[in-house]
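Chain naming follows the written order as A, B, C and D, and within any one chain the residues start at number 1.
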Amino acid sequence: MKIGYLAIPVAVVCGSLMTAGQVAQAPVGTLKIVSSLPRTGSANAQTNTIVNGIRLAIDECGGQIDGWKIEYQDMDDASPQRGNWDPTVEAQNANSAAKDKSCVAYIGTFNSGAAKVAMPILNRAGLVMVSPANTYPGLTKPGQGEANEPAVYRPTGKVNYFRIVPTDDLQGVYAANWAKELGVTKVFILNDRELYGKGISGVFRKQAEKLGIEIVGFEEIDSKAANYRSLVTKVKAKNPDLVYFAGTTQTNGGQIGKDLRSGGFEGMYMVPDGCFERAFIEAGGAENLNGRTYVTFGGLPPEKLTGKGAEFCSSYRSKFGADPEAYAVYGYEAARVILAGIANAKTKDRAGILAAVAATTDFDGVLGKWSFDADGDTSSQVMSGQIVRGGEFEFVKVLGK
Amino acid sequence: MRWRPGPIFIILALATCIPLLDQILPVELQLSEAVRGVFLYAILALGLNVVTGYAGLLNLGIAAFMAIGAYTFGILTCEIYPFQLGFWSALGLTIPIGALAGFILGAPTLGLRGDYLAIVTLGFGEIVQDVLKNLDVVTKGTQGINPLPAPTFGGHEWTADDEYKWYYLLLALLVVTVIAIRNLERSRLGRAWFSIREDEIASRSMGIRVERIKMIAFATAAAIAAMAGGLSASILSSTGEPSNYDFQISILALCIVIVGGIGSIAGVLVGALVMVGLNSIVLVKATAWMAAHGIGSQGNVLLSPNNWKFLIFGLALVLAVRLKPSGLVPPRIERAPQ
Amino acid sequence: MTVLRTRGVTVRFGGLVAVENVHFAVEPRQIYAVIGPNGAGKTTLFNAVTGIYAPSEGVVELNGREQVDPLTKLMVLRFVVAFVSIGIGTAIAVNIETLWTATIVDHYTFAQPFPWALAIGEFWSTLWNMPRTDSLIPLVLGGAVGCAAAFVSWWRGRRAPDHIARSGVARTFQNIRLFNELSLVQNVLVGMDHRMRAGFLSALFRLPRFFSERRKFHAEAGQLLEFVGLGSRADNAAGSLPYGLRRRLEIARALAGKPTMILLDEPAAGMNPSEVVDLMALIRRVRDAGTTVVLIEHHMRLVMGVSDRILVLQYGKQIAEGTPAEIRSNPKCVEAYLGSEDHG
Amino acid sequence: MLDLDVFLQQLITGLSNGMIIALIAIGYTMVYGIIELINFAHGDVFMLGAFLALTLVGALGIEAWGPSGQVAGVAVLLVGSALFCGSLNWSLDRCAYRSLRKSSKLSLLVSAIGCSFICMNLGLFWGGVPMEVFAGGNAAAAPKDFPALIPQVNLLGDGFLRITPADLLVWAVTIPLMIGLTIMVKRTRLGRAMRAVAQDPVAASLMGIPVDRVIGATFFIGGALGGFASVVYSLYNNTIGFQMGTRAGMDAFTAAVLGGIGSLPGAVLGGLTIGCVRAMSDQYLELRWTNTIVFCILVLILIFRPNGLLGATRREKV
């Protein structure tokens, strides 16, 4: 897939979406979309932008589709005593969505671990679930996770879970390929011991081995540590060209970048899309990351978007007063694919909407033109590579097809 | 003496009515699922109450035993391991394994003075998470183990949809735990625990084997916490990830015990209702209501209701001990071991 | 047989010598008093006898046996067991990933039956064939630490007060140490604890044994409270008792364990004259019931009235020992202590 | 020789990290010594101190003060944060702990836990302040970059071994503070009063020592040390976030216990031990096992020295 093709202006989703907003009439009924994301605690910054994206998508269709009123509820799957996602709360959210007859779609979860809890519940309820952030391959892809995955998440046998982000197995491979292209011969791999980081680092490691990159070290960090100076010393002693950290801003991606610099490490630093947000640069300090920090991201960065995508950027900017982050794009896309599903559904109930969303093909989204495959994964395999320069992410190239 | 229903009985009797009430309430007001969480934490806190309330040993790592219970249950039942026990036998096994874990931690450290023991338990809570995360091969690391079975009755395995069955099962197990702990409390053992809490030197001089008695308290607490862990894993059908059993869970359990009334079973039940109720009922419903009515915005950090949750939880703790320093339902002396 | 004998007991706190070179012996069914001015080291001596402090020098013998447990063969066996079990445990724990892979992961295919016998055999052969550095080092290190820890805990516990109390020595405290939040009966029942046999399971499941034992000991505790004159308050909290009665409760609690010897630390402190008379009667009754009594007291009328023998301490040193008549006529004692006969 | 360089580098890192832990640990140990409270809010007070420091950096524009001006700036931050944290800790005592002196230690503990949550939430709000140093306050919960006011140069030239001005700052602030504090506790009237209250508050109050004021002063000093630590931490690590107090507090509490709770030199020794063990374990074993190793060492030390490394054996009066 070439850049030009990707950058095709994103067309109108469907006619009804546009007209419904203009026809002012009493709503036929209410359809509710809920999202369940960790809103309390450290992931709050990321989920804020997801929710902004969702709200923008709903506002754009005027809160109405075919005379049905679209309601949105923003649920929190974190609890104050945990300060992070809480499985009990996630189950509670999923159950209440399942019980609420007007609820037709579930946007979530943020953490793949939470998805494991929610998926069987929503599957039994026949509720469509679209995740803007889960990347653990086992949730959808047979043979990638445990032996019983993903069947265990589909007790009814039907696929109701979809995701619009590429999974770890893609990103790890692309990142390693890119590292090879950048001329890396020795790499030191780190991960944050979370589901996301462990997955990507494992794939990265395999691919790097395949490409003949020497792996001089593999460490799992403590994501709550105050600094990583002793780690940097260890890294420096091994003298790699690249340090690959599979983790997120929350799990100290910024701090590692900072400590690598202050510890005198001169090589490159690469991180996955969990760090593709302004907060990463702010946490790491632009002067520490500039010119040496590479970021991969599933899709094109917002500023590279044209047409419908550019429109999204400008309306996001005018509505929320800030540039959209990667997660805002994901949130927006997740909401739009659901709204399109609602518009296309023959019957405006769970089964109809689920069928419509599952049938999504050649969707003109801000992430490109893509479809859902039989497992519920996005067909989009576009990833882009960024470098941090001048305190901003700068687009370098498209990775993969 | 004529039997009068005590506060424990009244609380538990009221609890049986909630699912019936839910039948007539709209979805937003239904409580039974959230109350299930209260039961789970009540069981956990009852365990902690044995060690902290009765024996007076500050334990800041009770969640570690919950994690051990959950992972034991997971490994013994999940279809990706060869053991594949059923719900009841696996839940039964979490109890001795939890007790064993309590013994392993307790054996070298119970000679320590109060707060030295506290830091050891706190550290234990952290490393259990670390070990569960690091032993990928055994525990599947951060993936969590799933699916886990629910109890079967008459060949029908429950799912999360059978929520009232779950509700009553948890309630029944809570009642069993309450009875078991009351039996222990009102025995020679309970008396020994109380005496150690009151005055360790005096009880030693009366021939109480302090280390052994402390050890039993520790292991009992660990066993109950492990059972709570197994139960919670079964309800969620997943062990979740190791960091789901972190320090904050231990802290919540401790707050339940102390806010409710140290060493009082009724206190623990009330404490669980208040603390967990605040967290997973009041705050959840309040933020949902505010969001539905367009109150607050998330652009501003102060106007987003979710950002106030820590503050409200903290204030509740400070106010609770300020107003009721000995707990909401302090233990009554004449009810103590006889 | 002598119930209690000390040979040259000395207790030092840093540079301070609290008790120095004290020799005395208490015969069965005696009432033995230890007197001396404040700070003479009487309570310290009691603490050394009951194991709360370890004597810096000297030996305490109880019923003809040294107070400190000797290192028996059984103990040595326990250290060996600790070494082996903790060593093996450490070795398995350190290599758990390898073992688990060899045993479980390699033999289990999803949804296939699991070859148990093969897997268990594999477990042991893997453990056995492991590189010696992986298995022996943790085994030796873990075993050594475990063995050392077992030794340290034995070393600390071999003179423990609970151990001494269980061998039949009970005591009361100068600054009363009751369990204030327990009722009177419960306080006494704590004293009986080491005579009870019903264990964890019989309490948990309320087995018949639990009930029979509870009946028996509750009745006995009631009698004991009657004996010290507190029968009517059995269910009050100990913290609610007036000061004078607390001492009685302490005595009842100490007697509850059926001790061969009871040590009373200033039982008459804060009592009025009529209470002292009652106390004297009580002490005699205790002795008559067959228990040896050792007491520390400042109240001279009581001491002279009940004691069979008296030990006088001053600045930690033993200055006299003998019958009340001998002490009364000993000029050193009169000078040191009895000069202030009106005390208390 | 590279291996030796690596070892020395880890030692330097370990000592610097350990010093910071020790500085926080002293705050714990002082408060514990005097009212036997594990002051859970201490870590969060420390965190708020770091937020104040960052606010001062932004408000005063310290980054633009030039090399020598920045030294003055660091001094301003140290004083400002110390005063702020001291006062905050004192007010916590005044509002949340004082009324609980007579109740059980555990109620006090819960009050402290509550304060910890409140402070953490205040930190979250603070992160949303629309200032440039807080990245405009858009992402309140995200970690914040703390500008490197101290140049990140290697004082030892171009070799592998690095000592940066930040390392020197840590030592230059911490060591005099510890010496000063030890002298204060040993020599001054306040120090004597503190030790008296720690021994026996009732007796001390009978001797005319204003117990509440002495306890308040202890909280102030402990908090102030947390304030110093927060600035040192921020300048050393260059990142702050509203949840950093929990981990810092946990490490510091472990250090205080390891050294013998209540003992000032013990807290320092404990902090340095933990810092060095961490660094060595990171280097010679695997990072993921570091926490476990620290814990095992703690347990081992406590088995053989139940009162910590330097803790006095407390003999209960019987």
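What we mean here is this: a contact is a pair of C-beta atoms (placed from the backbone, for glycine too) under 8 Å apart; a residue touches a chain by one contact, two chains touch by 3 or more.
No experiment lies behind these values; they were computed from the predicted model shown.
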Q | Innermost chain, taking as reference the mean of every protein Cα atom displayed | A | B
**Q.** Most distant chain from subunit C by Cα centroid
**A.** A
**Q.** Euclidean distance of C-alpha centroids - subunit B vs subunit D, Å
**A.** 32
Q) Roughly how many whole angstrom separate the Cα centroids of subunit B and subunit C? A) 35
Q: Measure off the straight-line distance from the CA centroid of subunit C to the CA centroid of subunit D, and report it in whole Å.
A: 41
Q | Whole-Å separation of chain centres (CA-atom averages), subunit A against subunit C | A | 64
Q | subunit D: positions in contact with at least two other chains | A | 117, 124, 140, 246, 288, 291, 303, 318
Q: Can you tell me which residues of subunit C touch two or more of the remaining chains?
A: 52, 110-111, 149, 173, 177
Q: At least two other chains touched by the same residue of subunit A: list those residues.
A: 44, 48, 80, 83, 147-148, 193, 220
Q: Name, in rising order, each residue of subunit D that touches subunit A in their complex.
A: 2, 6, 9-10, 13-14, 16-17, 20, 117, 124, 135, 138-145, 147-148, 152, 154, 160, 162, 164, 166, 233, 236-239, 241, 243-244, 246-248, 251, 278-279, 282-283, 286-288, 290-291
Q) Which residues, counting only subunit A, touch subunit D once they are in their complex? A) 41-45, 48, 80, 83, 193, 219-222, 224-227, 229-231, 233-234, 236-237, 249, 252, 254-255, 258, 261-264, 278-279, 282-285, 287, 322
Q: Please give the residue numbers of subunit B that touch subunit C in the complex, ascending.
A: 79-82, 108, 111, 135-138, 180, 183-184, 187-192, 194-195, 198-199, 201-211, 216, 333-334, 336-338
Q: Would you mind writing out the residues of subunit B in touch with subunit A in their complex?
A: 27, 30, 33-34, 37, 40, 79-80, 133-134, 136, 140-144, 146-147, 159-161, 163, 232, 235-238, 240-241, 243-244, 246, 248-249, 251-252, 279-280, 283-284, 287-288, 291-292, 298-299, 304, 306-307, 309-310, 312-313
Q. Which positions of subunit B touch subunit D when the two form their complex?
A. 52, 58, 108-109, 111-113, 115-116, 118-120, 122-124, 126-127, 130-131, 133-134, 201, 247, 251, 254-255, 258-259, 262, 300-302, 307-311, 313-322, 325-327
